[in-house]
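Working notes, structure below.
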Amino acid sequence: MAGSNFGNIFKISTWGESHGKALGVVVDGCPAGLPLCEEDIQIFLNRRKPGQSSYTTPRNEDDCVEILSGVFEEKTTGTPISMLVYNKSQRSKDYSAISEIYRPGHADYTFDMKYGFRDYRGGGRSSGRETIGRVAAGAIASKLLSELGITILTYSKSIGDVEIDYNRFDKNEIMKNPLYMPDADAASKAESLLKEKMAEKNSVGGIIECLVEGMPAGVGEPVFDKLDANLAKAVMSIGAVKGIEFGDGFAVATSTGLTDNDGFKCEDGIIKKTSNHAGGILGGISDGSQIILRAAIKPTPSIASTQNTVNKSLENIPVEIHGRHDPIIVPRAVVVVESMVAITLLDMLFMSMTSKLDTIKKVFNE
Amino acid sequence: MAGSNFGNIFKISTWGESHGKALGVVVDGCPAGLPLCEEDIQIFLNRRKPGQSSYTTPRNEDDCVEILSGVFEEKTTGTPISMLVYNKSQRSKDYSAISEIYRPGHADYTFDMKYGFRDYRGGGRSSGRETIGRVAAGAIASKLLSELGITILTYSKSIGDVEIDYNRFDKNEIMKNPLYMPDADAASKAESLLKEKMAEKNSVGGIIECLVEGMPAGVGEPVFDKLDANLAKAVMSIGAVKGIEFGDGFAVATSTGLTDNDGFKCEDGIIKKTSNHAGGILGGISDGSQIILRAAIKPTPSIASTQNTVNKSLENIPVEIHGRHDPIIVPRAVVVVESMVAITLLDMLFMSMTSKLDTIKKVFNE
Amino acid sequence: MAGSNFGNIFKISTWGESHGKALGVVVDGCPAGLPLCEEDIQIFLNRRKPGQSSYTTPRNEDDCVEILSGVFEEKTTGTPISMLVYNKSQRSKDYSAISEIYRPGHADYTFDMKYGFRDYRGGGRSSGRETIGRVAAGAIASKLLSELGITILTYSKSIGDVEIDYNRFDKNEIMKNPLYMPDADAASKAESLLKEKMAEKNSVGGIIECLVEGMPAGVGEPVFDKLDANLAKAVMSIGAVKGIEFGDGFAVATSTGLTDNDGFKCEDGIIKKTSNHAGGILGGISDGSQIILRAAIKPTPSIASTQNTVNKSLENIPVEIHGRHDPIIVPRAVVVVESMVAITLLDMLFMSMTSKLDTIKKVFNE
Amino acid sequence: MAGSNFGNIFKISTWGESHGKALGVVVDGCPAGLPLCEEDIQIFLNRRKPGQSSYTTPRNEDDCVEILSGVFEEKTTGTPISMLVYNKSQRSKDYSAISEIYRPGHADYTFDMKYGFRDYRGGGRSSGRETIGRVAAGAIASKLLSELGITILTYSKSIGDVEIDYNRFDKNEIMKNPLYMPDADAASKAESLLKEKMAEKNSVGGIIECLVEGMPAGVGEPVFDKLDANLAKAVMSIGAVKGIEFGDGFAVATSTGLTDNDGFKCEDGIIKKTSNHAGGILGGISDGSQIILRAAIKPTPSIASTQNTVNKSLENIPVEIHGRHDPIIVPRAVVVVESMVAITLLDMLFMSMTSKLDTIKKVFNE
């Protein structure tokens, strides 16, 4: 009940602190027979690594993943897949200055309130490094989804006030710029913005967008385990996410029924929607069209400007957070959002397998 | 796994269709010793009833709740509390016209895709009447929270483009107008808007805001069961919700670290935040300040205007949804959001009881 | 977390007290498309009703079940099935004498220790009537299993020291005698024993045996959710069960590897075991042969003989439990064991559907 | 849902195969503030190691545990504790002979039926080495229980037909003989029996008994999460266990109400039972007296005698399982039973913390 588990059938348990010995994840519920190797995982993990550009963390983290169980002769066996990344340097000294203070925008204070004390080294369990386990598991979920014809595209939609222009949307551009934006022009403007904010010892937020293609209709459970409800939990559980929306999202508040409703039409015997304001989910169940979601990411809380805070001796003190901090969380969070979406979609696909007696008969009366 | 269960320690299981015999909920995990009677529940249920004004459903639903178990001599016993509301009239005939078509904006199509067929009477399980079970359980959770000094205020923040003015914010006004707005002036403008939209056979959306006072710091689990993650799932699981945000929410995307970070200060030996952009949650854990969340609610999908759709014979046909439909979902959803928030907060308070060995020793070594 | 929920995919939530308004169950996770009517449930419930013979409770309980949701046009819809039995007479007066004392062998004392007080009417939630919900859910699980070719045979193996003789085993005899024994001769001897024990104001225990035919090989999860582990929990959760065993059970303690191991042989291309000491489960996974389990049931704790106990005023007092109590629990528990086995088998069949990638591809790439 | 997770609040996820890179466990839900070091875990793991005597495996396995997360400055932090044991030698060659055959009494056949193939090296996930994760987690649970005054004593009650004599019962003897028997005389006889069975290329079973002292009354949830139900699942999930019983266990079948009921008495204002046939659990809830349970363990299935089996080419063949196999599982399983009991008791203690409103108020209104 301590919250490091996620999923119902495809279940993950993550563990590890920023400056502990290692971080990792146990994936239980991956079916047998999926070809899998460490390279499949490493490709995903590399997407959350800091880059070489000036606005991403200059630390040299080479986060090499090891698969310790659950794979035999290059295929998953159906038993738990344990994966781990050792922390190369544990650098406790770098962070000792913050052991007695509560950094604004961080979880230092709430961890102390909850547990009575905390592993203060680099944020401990509340560090962004916690997402290593999510991404490693997400790599497996994504690979399995692609075997079923389901693909996920995730990117930075906006950084600060720089937003992509859908007229210039280029899927192939996403991996070409360090900001993971599908619009080279916007990426270039955003880089300028980030340089400016770094010079100001400040940071900015942004929006991540995620599109899912190939999801069959009928996945998601009515009432509490709606597809969007579970996706909302999955994405909101990522540190720094402050909002999530589907399809037209918050814009529905000022829309009308006539506009927001998606009509249906039949073409060549196939039922389709005439628009997709709903973002691919109706009544919590996938409708077969593209799933669209967006997450709002807050600015990096670690900034070099002076802020007001309190130390454990209850003194009011100024604080400046120095060190190697990105002025933006968005680009590195793109693969984390994609991973959480993949894990949730797969889990709910599995959950949907018992919706109809006919499906069950098909499985057992072969 | 079919999604009608919610909660980890304070668990609810809802059931029932719009036009079935009854709807209800089983609450398992309510501690023994809480004074409880049917009136406590009925007050909450009445808040989701349609009013008498022209823009809310004119149906006469008197949804009387019965407590069937779990209460003895006017106190909860610790065993499951089963509550039920009988459907007074089952009116199957009213809805037979829609049995063969897929209403735009409704879950008719996705239910058929998922299950092969559906209970088409009034939307069946996907009807707004499904929320009766949530609200009945929410009444219990709210009562228990108030015993611990935690209170929840929920209201309509905007209806269409009519938004409340915080300078005119009056908590006591909320229950005085049928739109549950804390600003009489905005409520009056919103009523005009709704009349206009009804005349146009159209409908509008809006935003619900929820404020929690008295939540102790330290509640919420790191990583997946963050307080905001579980609240996001809870609220997003309500039909018609298309987005959720906490604190500054989507505005963080264009904010900066300097603005968005909440500083800390110590006054009279008590640590407080100097602002509350975070909305009371840091790293997924309550920080002791007010919890703030907002949900975007889509326009009522049932509208009398002509829309394009398809029937089960795969014919493209026009459809007009007549009947007693509100042009706005927001006001009736206010108590549903409050209920889901209450259930989640209580569940997570319970989950937090084992965070520290000291707390456990206090409980068992009395 | 209060323990009235069972199952992972096929989930049940039971509720109700012996002398409350009603008892019932919500079944969530029953697939759509199963033909189901109240008669299907009633047949099962009638098997737990007291008979007319002298050694079963002479109370006239006619426990009529009502289905309140989840069934439409005589088929399950995939949404929760709520079922309820109203308590005809609530007879509070009969039981008021026991409100202040702790009956030996009952849960009165432990309920008071756990909750601070209890619903003392007829045992409240700890009454045997609690099993109504289990049996109603078991009827659905059994019907669904039979659609998949899986059948369960449950009966009284022994009552006191009267044991069935497998040479006289007659499956059709089970429903013919009120003790549900598959051996008419043993049933007759057991009836004499029960008369004797009643005259002595005493009671006896016995053993229930359960055989499952048609279970496909490969069901059950390694490690914690072994098929036998989940069955053990399911059956041990029935009041009065004090032990459970599979296959040779406790006899393995004095057996040897040479005897206990079941060999394999291949006949006409089909692999079979040459014996079944394991009781159909190897490594927690079904092996395709008959599943065999036995549960030990304690004697009825309510006896008219004088026993020593304590009242709430902490006085040592004698107590005699008068009223309409069977001198044996075994026969009425037969259908409860069968129900719990059915629910568990179905849930684990569903869990096993994601063991292989091939099965998943078969379901989604149709 | 793949079954490698156990527990509700104190949750464990185990992973690893006999001959994979490593085996381990993630413990989520351990409260912050428990002093913990690797030595605490190693002491427990050493109890499941093979000894030097002739009847236990002569392999030199030094299973050194590493704690990778969740402990900071020698105390648990409340975040997941990841522990791992590397497999020193992976010895694939030793086991290659069995890759194509189904060993009688092992899970080879059922794994193939479930997953389509298996990691055949040393039994893979179905090996006894799987219990390393259970025991590591059990060490933590036991340490925490002892902080609350709860202690567990587990030992071999019988080996083959050699049973301990309670008149010679000596708690301190348990750790002195390699069979973990509390009776030196019985241990000596059992050693002779084992030598005899080894010479015969055969093996024997036995019974493990477990006694819990200090468990407060009121722990365990009515209906499905009864204390004995969850213990039954926990213990039955250990490979080789074929039966479990509580208190008088299977003997209740031939007992009577007068004998089996435990009376109550009050001495010096304290309520006690006059006997303990129930084994410390009434109605699924602890009654404050000693908890007593016993598990039946089957003989080691790996024996050097010739047995009949089948290979993957469906040929009927003889098989002799050579290698370093104990002729008895019981002694090494003693600490595994103790671990599973500890994990379950702790989890249920945590679950019981929300039974009463008074307890909750005490925690939050400090």
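A, B, C and D are the chain letters, set down in written order, and residue numbers restart from 1 in every chain.
FYI, a residue touches a chain if its C-beta (ideal position, glycine included) is under 8 Å from a C-beta of that chain, and two chains touch if they have at least 3 such contacts.
For clarity, every value in this text was computed on a predicted model and none was experimentally measured.
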A correct list of chains touching both chain A and chain B reads C, D
Of C-D and B-D, the pair with more C-beta contacts is C-D
In whole angstrom, how far does the Cα centroid of chain B sit from the Cα centroid of chain D?
45
Chain centre separation (chain B, chain C; CA means) in Å
38
Averaged-CA centre spacing for the pair chain D and chain C, given as whole angstrom
26
When you check chain B against every other chain, which residues touch at least two of them?
1-5, 8-9, 14, 29, 32-33, 78-79, 114-116, 125, 222, 350-351, 354-356, 358
Interface residues, chain D side, partner chain A - complex
1-5, 8-9, 11, 13-17, 20-24, 26, 28-30, 32-33, 66-70, 72, 75, 77-82, 84, 114-119, 121, 124-125, 350
Spell out the part of chain A that touches chain C in their complex, as residue ranges.
8-10, 29, 31-34, 76, 78-79, 144, 147-149, 216, 222, 349-351, 353-365
Listed in rising order, chain A residues that touch chain B in their complex are 1-6, 8-9, 14, 102, 104-107, 109-111, 113-116, 125-126, 130, 158, 160-161, 197, 202-207, 217-226, 228-230, 232-234, 236-237, 239, 242-266, 269, 271, 274, 278-279, 282-288, 296-303, 305, 307-310, 314-316, 327, 351-352, 354-356, 358
